[in-house]
Amino acid sequence: MPSNERRYVIKLGCPDRTGIVAKIAGFLTEAGGWIVEADYHSDPDTNWFFTRQEVRADSLPYGVVELRKRFALVARELSGQSDWSIVDTGAKRRVVILVSKEGHCLYDLLGRVHSSELDIDIRAVIGNHTDLASITRAHGIPFHHVPFPVADPEGKVAAFAQLRQLVDANSPDAIVLARFMQVLPTELCADWAGRALNIHHSFLPSFVGARPYHQAHKRGVKLIGATCHYVTAELDAGPIVEQDVIRVDHDDSVADMVRKGRDIEKVVLARGLRWHLESRILVHGNKTVVF
Amino acid sequence: MPSNERRYVIKLGCPDRTGIVAKIAGFLTEAGGWIVEADYHSDPDTNWFFTRQEVRADSLPYGVVELRKRFALVARELSGQSDWSIVDTGAKRRVVILVSKEGHCLYDLLGRVHSSELDIDIRAVIGNHTDLASITRAHGIPFHHVPFPVADPEGKVAAFAQLRQLVDANSPDAIVLARFMQVLPTELCADWAGRALNIHHSFLPSFVGARPYHQAHKRGVKLIGATCHYVTAELDAGPIVEQDVIRVDHDDSVADMVRKGRDIEKVVLARGLRWHLESRILVHGNKTVVF
Amino acid sequence: MPSNERRYVIKLGCPDRTGIVAKIAGFLTEAGGWIVEADYHSDPDTNWFFTRQEVRADSLPYGVVELRKRFALVARELSGQSDWSIVDTGAKRRVVILVSKEGHCLYDLLGRVHSSELDIDIRAVIGNHTDLASITRAHGIPFHHVPFPVADPEGKVAAFAQLRQLVDANSPDAIVLARFMQVLPTELCADWAGRALNIHHSFLPSFVGARPYHQAHKRGVKLIGATCHYVTAELDAGPIVEQDVIRVDHDDSVADMVRKGRDIEKVVLARGLRWHLESRILVHGNKTVVF
Amino acid sequence: MPSNERRYVIKLGCPDRTGIVAKIAGFLTEAGGWIVEADYHSDPDTNWFFTRQEVRADSLPYGVVELRKRFALVARELSGQSDWSIVDTGAKRRVVILVSKEGHCLYDLLGRVHSSELDIDIRAVIGNHTDLASITRAHGIPFHHVPFPVADPEGKVAAFAQLRQLVDANSPDAIVLARFMQVLPTELCADWAGRALNIHHSFLPSFVGARPYHQAHKRGVKLIGATCHYVTAELDAGPIVEQDVIRVDHDDSVADMVRKGRDIEKVVLARGLRWHLESRILVHGNKTVVF
C-alpha cells in the first residue's frame, strides 16, 4: 500500500533470545531478499521479541506460498511459540465497515479511498440505520441495512446473526466499527479477534462506555480524545492501537466537544486501519506493538 | 451556526480609547439585548481595539436592519475609522468551492455539511478538472468545469472571467480555494478580498509557492504544516487565519508527507472556514484576530 | 505579572442575566478606568456568568481598597450570590512550594523566577526529604525539612501540623505541591481550598492515585499526560486547571514514561501556577473557567 | 544512558545493497552479541543505508577496542564509503555548554543532570556574560567568562580563540549552544562539525537569523517553534535534529511569544542533546536520521 512495488510483509513474535535477527536476515539474504523496511522490538517485561520485515517480492525467486512454507521452518526453529504471518501487498485488502447514524468516519474513509490514499476494497457497508446508504452507494459500494430492534433481545440476536453472515461472506481483512453503536456479542468479538477495529470517542481508559463527551464535559477536562482499539469481549478494554487528543476549554459545550472530537476520531481510526492493513500491528497480551 | 438559536453577530474594529466596552454594552443593554458571547482585544502595537458580540435575536425589539441602522451611530461616535459588520445567523451562509484534482478538502467539507456540522449552502463547486464532479453531484450540488489551458495566457484570462462570473452569480459569503491549483489574478484577489480563503500545504512563511512538501522533504524538517489564509495579491502572503502541524521523520518520503499533510490541510481549512462564516475573524493590516 | 504596568484584576462570578457587562463596564468607565483585558463567559448549564477584567491602576482616581469598596456595591446589585475578588498586581504574589525527592518541577519554577518570567516571592520550600535543600538555598530561599514518618499515624499528624504552621506563617497566595508525595489531610484541603495546586502525573481522570505511569504502561496507552488541579479532599478529583499529553510507544519503558512525563508535568504546573497568580482561574462547582 | 546496563552502540551509514542486515547481525551473533535495540533505514533518494545497534557489553567476549577493530573489517567489506562509529556507554559523555544571558536552557539541562535523567559530565559552562555564573557554580561546575567586545573585530577573533581553547581542552562529545548569541566563525563550525548543537528560537526554515519572535509576531503566525540543529557555516541552515511548536494567538505580544517559546526551546534542545549523546543521530548530506 505504501508504494506500487509489490512486497511481502513478515510479522513475527516469539520469546526473546540471541540470534533472531541474524537468523531471519540470514534466511532472507540467502534467498536474495531485498529488505525494504525492518523493525525490531524486545520487550524486557514479557521477554518477548517482535519483528516486521518488508521484502521486495521481485527479489525472491519464489512466491508468497513458498515463502510461507520456508519461513514456517525458520519460525519453528526460533521457538515453538512463534506467532507469525506473511502478507502479500499484491492482493488488495478487503474491508467491511459497520455504521450507525454518524457519518464522519465513513466519509473520511471514502475520501481516502477516492484519493487512492487507501488502496483497499470496501466490500460492504452495513448500517443499523439507513442514513449512510446513499453516500455509500454513490461510491458503488453495497449498503446493507440490518435494523436492531430496541428492547427485543431475540430480535437483536437475529440481527447480529444477519450482520455476521453479511460480514463473513466477504472474508474481510478488517472489520471497521466506524461509530457503530451496538455492542458486539462476546462470540463475535472472539471470532473477529484481531480483525475488528473500533473507534471510541474518548481517551481510554477515561470515559468508558456511553456518552463519553458528556462524561468529559462533566469532569471539566481540558483535552478530549479518541482511541482506536481492537474489539474484545470487555467493552472498550481491547488492545489500544492509536490515540490522539484535542484541546477544549470552558467555552465548549458538549455539542462543541462532539464536533471537535470528530476530527480526531476520523484521523485516529484512519491511522489505525492503515497500520492494521499494512501489517504494522502486533498484539501481545492486551498491548500492541506498532511498527 | 453554533446553535439553533438565532443570533446577531456584531464585529467592530476601531482606534482604542476608554469606554468602548461600556458604550457598546450600554447600547445593547438599553435595547434589552442578551449578549451570549462577547470578546475584546486591544492591540498595543497598532493601538487598535477589536470586539465581537453575539446577541440573541429574540432579545431585541427590532430586526437586523434596524440594528444595523442604530449600531452605525454607535460605531460612528466611537470613531470615524470604525470598521464593523452585523451578521444575522438566521440567514444561511453561501459558499462557492474551487477545486482542481485533489479531493480531500472537498470530501471533508461535504462530510461536515452532511453531518450538519457546517450548516451552509454550498452553491457550487467549480473545478479546472472534472475529477470531483461526481462526488459533488452526488450531494445535489452543481459542478462547473472551467478548464485552464496550459501555456495560453489569453485562454487563462478567459477562463478566469468565466470562473468569476460563476462565482459572483452566487454572491458567496465565502470563496474556498480547496486545493485549487491556479494562482488568482490580482484583480480577483482585490474583488474577493476578505472572502476568499486558501489552504496552503506548508507552515507559512516556510515553503511558499509550488511543491511545498518537496521543499520540506529536501530541508529535512521534523514537522510539516498547513496554513489557511485570506487570499491577497502576493502569493501565500495574505493574513493567516489558522495553522497546524504534524510530525514527520526520516522514514517519510514526499508521498508520505503529502498523505500526512492532507489530514491537517483538511482540518485547518475547515476551522478557518467555520470561523469566517461565524464572523469570528477580524483582519487588521496583514494580521487576524480570531475570537 | 504580564507587564510592568500596575493593574487591578477583577474576577466575578454570579447568576447570569442581561446587563451585567454593561453594569461593570459602565462602573469602570465612569471612574475613567482603562480596561486592558476583558473576558466574559456564560455557562448555559448552570446559568452562571463569569468575567475577568484587567484595569490600569493609574487610570482610576483611587486605590485598590476604595475600588474594592465600590465594586462590592456593584457586585451586590448584580446578585446576592456574587463571588468576586480584586487583585493588585503591584503586590508581589507569595508562594510556598512543597516537595519530596523529585526536583524537576522545583528546578523549572526556580528557572522561571531567575529569568523573571515568574515575578513572584517564593517564601519557602518545604520538603519531607532533603534532596532539594541545596538547590533551594542556592537561590537564597529558605528550605524546611519536615520528615514524615512511615507507618506512624501520630507522627504524620504532627508532621502535617508543623507543615501547616510553616505554610500559614507565610500567608501564601499559592501553595504548590510540586510532586509532593504525601496526601493532604481533609482539613488542610479545606483550609487551603482554592490556593493549593497539585500536579498529578497522569491525564485525569485516568490513572488516579499511586504510580500512574505504571498503570499507563500496563494499559498500553499511546499518550501519557499530566494534570494540574486544585487540591480537594477527594484524591486527584479537584477542579482541573490544565492538562497536556506527550506521545509514547511500545518502546517506552515505565522509566521512559517517567522521563518524558516530567517534561509535561513541569510545563502544565507552571502554566497552572501562572494563571492562578494572574487571577485567571474561576472555580465553579468542580470545574474551572480559565480566562 | 537509557539504562545502567553497559552497552556498545554501533552506528553505520553506507550505500544500500542486499545483505547488510544479515552481515551485521551475523557478525554480532557469531560473537554471542545480544542486540538490545536495532534500527534500520534505507533512503531511496540517495540510495543510502543507515543502521544503529545497541549490544549488551557483557554479551561479547571482548571489549570496545577489539569490537571496533573487528567491526572495521565488516564495514569495509560492506563498502569503502562506510561511515561508522562505536560508542561505549560505560564512558560518561563529556559536554561543554555555551551561554549568553538567557538561562532557561541551562537551568533545564542542570535540572536534568540533577535528577540523573541526563547522566553526563558537564565539563564547563562558558558565557560571554556572567549572568549564569552563580547557578553554574552552585552545581560545582566551572564557569568561564569570555567577554565578546562589540564593534571590535580583532577582539572578537581573540575571544573566539579563547573560547575554542576552553572548549577543546575538555574534548567534549557535545558542544551545546544553549542560547549563545554569538555567531561561530566558519572554521569553528568546521572543526566542531557533528558535535556542536544549537537551539534556534523559530520553526526553521522560517525566521532565520536575529529576533525570530519579532519576525513571527509581525507575520501573524498562529504557532511558534524551536529548532535544534547541528551548527554549520551557513547560519541556521545546518541539519535539523528536532523541532516543536506551540500555539499563539492575537493576544500574544512578542514578550508572550518569548515566554511561551522558551518552553519548547528547552525541551527541543534537551531531546536533541539526549539523542546526540545516545548516538541516535546519523547525518547524511544536510539531513538527519534519528533512531
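Letters A, B, C and D mark the chains in the order given here, with residues in each chain numbered from 1 onward.
The rule is simple: contacts are C-beta pairs under 8 Å (C-beta built on N, C-alpha and C of every residue); 3 or more make two chains touch, one makes a residue touch a chain.
As the structure is a prediction and not an experimental result, all values here were calculated from the model.
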Shared interface partners, meaning chains that touch chain A and chain B: C, D
Chain located farthest away, centre of chain B as origin (C-alpha): D
Of A-C and B-C, whichever chain pair has more C-beta contact pairs: A-C
Interchain centroid distance [CA atoms averaged], chain B/chain C, Å: 37
Chain A and chain C, separation of their C-alpha mean positions in angstrom: 41
Residues within chain B bordering two or more other chains: none
Touch-based graph of the chains, sorted into line, ring, star, complete or other: complete
Partner chain C, residues of chain D touching it in the complex: 2-3, 102-104, 107-108, 110-112, 114-115, 117, 134-135, 138, 255-256, 259, 262-263, 267, 270
Residues of chain C touching chain B in the complex: 18-19, 21-23, 25-26, 28-30, 32-40, 42, 59
Sites on chain A touched by chain C in the complex: 41, 43-45, 50, 203-207, 219-223, 225, 239-245, 249-251, 253, 286-290
